[in-house]
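Going by the order they are written in, the chains are A, B, C, D, E and F; count residues from 1 in each one.
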Amino acid sequence: MKLGIVVNEGPYTHQASDSAYQFAKAAIDKGHEVFRVFFYHDGVNNGTRLTVPPQDERNIQKNWTELAAQSNVDLVVCIAAAQRRGILDENEAKRQGKDADNIAPGFRISGLGQLIEAGIEADRLVTFGD
Amino acid sequence: MKLGIVVNEGPYTHQASDSAYQFAKAAIDKGHEVFRVFFYHDGVNNGTRLTVPPQDERNIQKNWTELAAQSNVDLVVCIAAAQRRGILDENEAKRQGKDADNIAPGFRISGLGQLIEAGIEADRLVTFGD
Amino acid sequence: MAMDEAGGAPGAAKKFLYVNRKAPYGTIYALESLEVVLIGAAFEQDVQLAFLDDGVYQIVKNQSTDAIGAKNFSPTYKALGDYEVTKLYVEAEALEERGLTADDLMEITFEDEDDDWAEKPSINIVSRADMAKIMSEQDVILSF
Amino acid sequence: MAMDEAGGAPGAAKKFLYVNRKAPYGTIYALESLEVVLIGAAFEQDVQLAFLDDGVYQIVKNQSTDAIGAKNFSPTYKALGDYEVTKLYVEAEALEERGLTADDLMEITFEDEDDDWAEKPSINIVSRADMAKIMSEQDVILSF
Amino acid sequence: MATLHTVNKSPFERSSFISALNHTVPGDKVLMIEDGVISARKGNTFADLVSSALSDCSVYVLAPDLAARGIAEGDLVEGVQTIDYGGFVDLVAECDRTQSWL
Amino acid sequence: MATLHTVNKSPFERSSFISALNHTVPGDKVLMIEDGVISARKGNTFADLVSSALSDCSVYVLAPDLAARGIAEGDLVEGVQTIDYGGFVDLVAECDRTQSWL
C-alpha cells in the first residue's frame, strides 16, 4: 500500500517523531511504500541539522535523513509552520533576509498543499502527535 | 521583589511563552525585578533568531529580545535542552562542528545550574509550560 | 493543480474530515488546522469540519485577543463559505458539558448555489452518536 | 560555587520540590526533570522529589526501551542516593488508581551517614493529603 | 503560608485541574490561565468542583484569557474573581510559592 | 469499513482516551500507543472501560510501549491484544481509515 505519515511534534520532547519513524520502518519492511512524511506544527523542528543529541541517545534527525535516502521517502516540512518556528533552507533564508539556514539533508520545505495531496494520493494516512 | 521565570515550551505552539512575557512585563511595570528567564525543554526554541512569523502576528523572539535590552533581563537557554533541539550560539556551533548557529540577540546559552540558582536567588519562581 | 497527479481518478473526490478538539489560543492547533482547511479548499475534495470536546470553543462568539497579544483568527471561520467549506459539524454533548448553547456560537453561513444563492447556516449541531457515524464515513481524517 | 552569590545567607538551604506528574518516554519531561535534579544536587539545597499522577510510572521496575529506540534512563533513579537525593515521595492514591503497588516500584535506597551508613529506602509512600502538606512546606516548586 | 496554584489547561482536556484542587490546603489560591479558564464558566461539568474549591480557597481567572475564549465575566461561576496580568503578579508576590500544574 | 483509532495519551492525563471510545462504531479497532498503554493495565481506574469497549471493538496495545513503561503482558486487561510496530502497520492496512486522537 501507499502510506502517508504526518508528524506534528518536534524531536525528543514528544514520542511522536520516534513512533512515526518506527512505524515507517516497519511499513517499509513489510513491503509498503511510505511515499511522504509531512512535518507540521512543531514537527517542522525534526528538520533542523543543528541538533546535537547526547552520544548515547538516538539521533532523530539522522534517522529520518537516512530513511529518506535508503527508501526514497519524501520528507516535507510545512513552510508556514517552519517560518513561525525558525526552520529555513538556503532559499528561504535569502528570501527572508536571514543570515543562516538550518534545514537537514533529505528534508525539503514546501506548502500545505503537500499534506492535502498526501491525503489524496495515499491509501492510508497516519498522524503522530502530542 | 526579585522574580525568576521558567518557560518550558517553544514559541507559537503553546501559549506559555506569551503568558510568561505578559507576566514579565506586568511585573516590571509594578516595580518588581525580573532578573532571569530560564528557557528549558522546548522553551529553548524561543531563542532562535530564524523565525519569520506572519506580518500581522506578534514576534515572540523580538518581544523577549527587546524586554531583555530594556529591562536588563537575563535570558538563559539551557545548553543540554538546546543541544537536543538545535539551538546553538557561535561558540557551541564551532565546538560541535556545526556550520551555522541560530541564537537570537539577548539570549545566552548556559547550564542547568542557572535554573537552580534562579530558584535560590529569586523571592518567587514562576513556571509557564504546556 | 495537484489533482492531476493524484492517485484517484479526476473528479473522484475524497471525503476529508478535519477534527478539531482543542480550544483556541492555548495552543496553535486550531489556527494551523484552519490554515490547512483554507489551502485544502483549492483541492476540490469533499470537506467537512468536526468540532468536539474543547474544539467547540474555536467557534464561540466574542473572542477578543487584544490583551493576550495574539491575533484573533475567529473571523476566518465566517469566511469559510467563500471557500466552499460549508459543512461544520458541532457535537451537541460537547456544547452542553461546557455550559454552552448554539446561541454562543458565531453565525457561520454560506450561499447555496443550488438554491438561488440563499444564505444558509454552515453549522450543524449533531449528537455524539451521529458524530461517530460521520467519522466512520470518511476517507481521510486529519486531527488537530 | 554559586551559593556565594545567592540571596540567602550561606548555609540557609532552600526547600526544593521537584514535582513529577508525567509518564516517561511519551514525553521528555521525566528525563529532563532528572537532569535538573542531578545538576541541582551540587547546590546543597534541601531537595525532595514528588511522584504523583502518571509520574509514578517513572520509577516502576522492569522498564525496557530497546524496541522504542529511546534510552532507558530509569537506572539513574537508583543512583540518586549517591547524589544525596534521598527523599522521594510517592502518592499512594496515584499508585492505587493505576493498579500499581509499592512492589511495582524500583528499589531506590541510600546509605544513611548519620546511622553508620545503613542502607535505607529513599521512597516514602504518602497519602494525597500528606502530599498536599509536603507541597505547602516548600520554598521552590519545579514542575515537570 | 499560602501557595498559588496555576492551572493552564481545560479540565475537559487534562487532569491537571483536578490534581491541583486535590492538592490545595485551606487558604491557598488557585488561578486559571490560558485554556484553564474554561473550568470557570457557569453551567459546565466542572462548575460544582470550582464552587467547592471556593469553600476554603480563593479562585481567580485571568481576564485576558477569558476574553480570548469569548467568556463574559457574567458567565462565571459565582465567587470566582477576575484579574489581569498585574493581578497575577500581585498574587505571586502575596503567596509564598507558586506551583504550576503543568 | 472499520476505523483504526489510535490513542497515545494516558487516560489519567487526557480525555482523548474517553473521547475515542465515545466515538467508535461497532467493529472498529482501538490501538493504545505511547503513554496510551497505561489504560490497559489491569486494576486501573479505566480498566472497566477498556473491558466494555471490547464488547464491540477490538483493543490493542503496542508491546514496545508497554515494555518501556514496565507493564508485563500478563498485567493487561483480559482480551486486550499486544502487537508490535509491524502489527500496527497491518492494522492500518486492514482498516479503511486511521483516526489519531491527539
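FYI, contacts are C-beta pairs under 8 Å (C-beta built on N, C-alpha and C of every residue); 3 or more make two chains touch, one makes a residue touch a chain.
This one's a predicted model, so the numbers in the text were calculated from it and none came from an experiment.
Colleague: Spelling it out: a chain qualifies if it touches subunit D and also touches subunit F; which chains qualify?
Modeller: Touching subunit D and subunit F alike, sorted by label: A, E.
Colleague: Chains touching subunit B and subunit C alike, please list them.
Modeller: Correct list: A, E.
Colleague: Taking each chain's centre as the mean of its C-alpha atoms, which one ends up farthest from the centre of subunit C?
Modeller: D
Colleague: Compare the CA centroid of subunit A with every other chain's and tell me the farthest one.
Modeller: That would be chain E.
Colleague: Is it true that over half of the residue numbers where subunit A touches subunit B are used by both copies, so same, or is it different?
Modeller: Same residues, largely: of all residue numbers at this interface, over half are found in both copies.
Colleague: What whole-number Å value describes the gap between the mean CA coordinates of subunit B and subunit D?
Modeller: Spacing between the chain centres: roughly 26 Å.
Colleague: Provide the C-alpha centroid distance between subunit C and subunit D, rounded to the nearest whole angstrom.
Modeller: Taking the average C-alpha coordinate of subunit C and of subunit D, the gap between them is 44 Å.
Colleague: Which residues of subunit E are in contact with two or more other chains?
Modeller: Correct list: 8, 12-13, 15, 34-35, 64, 84, 97-98, 100, 102.
Colleague: At least two other chains touched by the same residue of subunit C: list those residues.
Modeller: 25-28, 53, 68, 70, 139-141, 143
Colleague: Residue numbers in subunit B touching 2 or more other chains?
Modeller: 12-13, 15, 19, 22, 41, 54, 57, 84, 123, 125, 127, 129, in rising order.
Colleague: If we use the touch criterion from the header, which chain pairs count as touching?
Modeller: A-B, A-C, A-D, A-F, B-C, B-D, B-E, C-E, C-F, D-E, D-F, E-F
Colleague: In the complex of these two chains, what residues of subunit A are touching subunit F?
Modeller: Touching subunit F from subunit A are residues 1, 3, 8, 15-16, 19, 22-23, 25-27, 29-30, 32, 123-130.
Colleague: For the complex, which residues does subunit B have touching subunit C?
Modeller: Counting only subunit B, the residues touching subunit C are 12-15, 18-19, 21-22, 54, 56-58.
Colleague: Considering only the defined contacts, which subunit C positions touch subunit E in the complex?
Modeller: Residues 22-27, 53-54, 57, 60-68, 70, 72, 97-100, 104.
Colleague: Sort out for me which residues of subunit D touch subunit B in the complex.
Modeller: 2-3, 5-8, 14, 16, 28-29, 32, 35-36, 39-40, 42-43, 45, 139-143
Colleague: Given the complex with subunit C, which residues does subunit A contribute to the contact?
Modeller: Checking each residue of subunit A against subunit C gives 2, 6, 40-41, 80-81, 84, 111-113, 115-117, 119-123, 125, 127, 129.
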